[in-house]
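Report on the structure given below.
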Amino acid sequence: MIRVVVQEAPFDFGAEAAAFARGRTDLGAIVTFSGIVRDVADGLSVMEIEHYPGMTEKALEKIAAEAEARWSLGEVLVIHRHGRLEAGEQIMMVATASRHRKHAFEAAEFLMDYLKSRAPFWKKEHTEAGTGWVDATEEDEAALKRW
Amino acid sequence: MIRVVVQEAPFDFGAEAAAFARGRTDLGAIVTFSGIVRDVADGLSVMEIEHYPGMTEKALEKIAAEAEARWSLGEVLVIHRHGRLEAGEQIMMVATASRHRKHAFEAAEFLMDYLKSRAPFWKKEHTEAGTGWVDATEEDEAALKRW
Amino acid sequence: MDVLYFAWVRERIGLPKERIETQAATVADLIAELKAREARYEAAFADLSALRVAVDQELTDFDASIAGAREVAFFPPMTGG
Amino acid sequence: MDVLYFAWVRERIGLPKERIETQAATVADLIAELKAREARYEAAFADLSALRVAVDQELTDFDASIAGAREVAFFPPMTGG
């Protein structure tokens, strides 16, 4: 089962992690990844996340379906926020559940690698030093080659 | 910071996941792995986990310290239960926090691979089909060669 | 068709979305048409290697056909996660 | 020194821990001594490839010295996680 959520509001990481795959006694391995707004340098920072409503959900569903096709997964969850976030706030999470820890780990890494570079989100940072769009990195693009 | 917990009592996965690295705005990437007692075949199963008090804590601390030495981690958590567990119960969790998602993922996988084969726990399964010690697998032993 | 702009492409062009009537056959033709219009388009589309395009909400290439497309979107490389 | 047994090693030998006075220099010597004692030790130590050993709570090899050791533990390959 795939669940994709794109929202501006905060989500409760602990509650989502606890509820994920609950009751699925056929799945022994659960991996979560969560991303948090970092304090850039020392100045308090604010992150603004723009996205492409409509395409975002489709792109995330497609990435999650691809993960389900490649690995043996019982459950997949993707939550991604947009809008204005302060340092320390949770930006997003993915979760995967499988019988096998290797599948759960690889699928979560795959989801993250694709979500970084193939889901239509753009980050803008506001720090004491100024404001600017976060550049995509060659490292993130290269990470896709693994799959 | 490393935190290692070995206990018989259940732990609250959601609360532990939510509290982990909370307030660390220098760490943007958090990975958790949790292991759940699977229902073996269809019969209700009970898992009994034996461990080596004293050595267990030392072994887990050593594995966590090794992870800290190899990757850039801000926080590491390992919780492992022993005693009698029913299907669906959480056996253990690890969590890693880093600036970099790759570090957080690799360190969590490393912790799991070592914890599987190098921490003194032994699992005994009680199912309708009978009772038996879980065999270590060649796959788990081979997983260590990656590191 | 609707043409959408995101992130710094939106900022350079100065609007998030506009309706454009075009006979352009491909994304590249549409870009050529837009660049010929005004300096702000010229600026936004100056370096195509810094741009990505989606046609009807699917990522694609600059030589993709836009015949019958309802929506074309331009944006920089994505930075999710 | 204390000799500890875990999992099926404990079950075969029939106890979790015993105090043993020995002049054995290595783990292998200690095993030889135990096997000579009784059939249940012979059975538990029949296949060393299925066993692991820790001396003073550190995993080690069968040729490790046990001189001065306080605690030697025998058990099957671990199955944590």
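Letters A, B, C and D mark the chains as written, and numbering starts fresh at 1 in each.
FYI, contacts are C-beta pairs under 8 Å (C-beta built on N, C-alpha and C of every residue); 3 or more make two chains touch, one makes a residue touch a chain.
Protein names from UniProt, one per chain: C, D = Molybdopterin synthase sulfur carrier subunit.
This one's a predicted model, so the numbers in the text were calculated from it and none came from an experiment.
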item	value
Furthest chain, CA centroid comparison against subunit B	C
Mean-CA-position distance for subunit C and subunit A (Å)	26
Centre distance in Å when subunit A and subunit D are each reduced to the mean of their C-alpha atoms	48
In subunit A, residues with contacts to at least two other chains	35, 101, 112
Multi-chain contact sites of subunit C, meaning residues that touch two or more partners	81
Every chain pair meeting the contact rule	A-B, A-C, B-D
Touching residues (chain side subunit C, partner subunit A) in the complex	4, 6-8, 10, 54, 57-59, 73, 75-81
Footprint of subunit B on subunit A - complex, ascending	12-15, 17-19, 21, 23, 25-39, 87-88, 99, 101-102, 104-105, 108-109, 112, 143
Footprint of subunit C on subunit A - complex, ascending	35, 50, 52, 54-55, 58-59, 80, 91-92, 112, 115-124, 133-136, 140-141
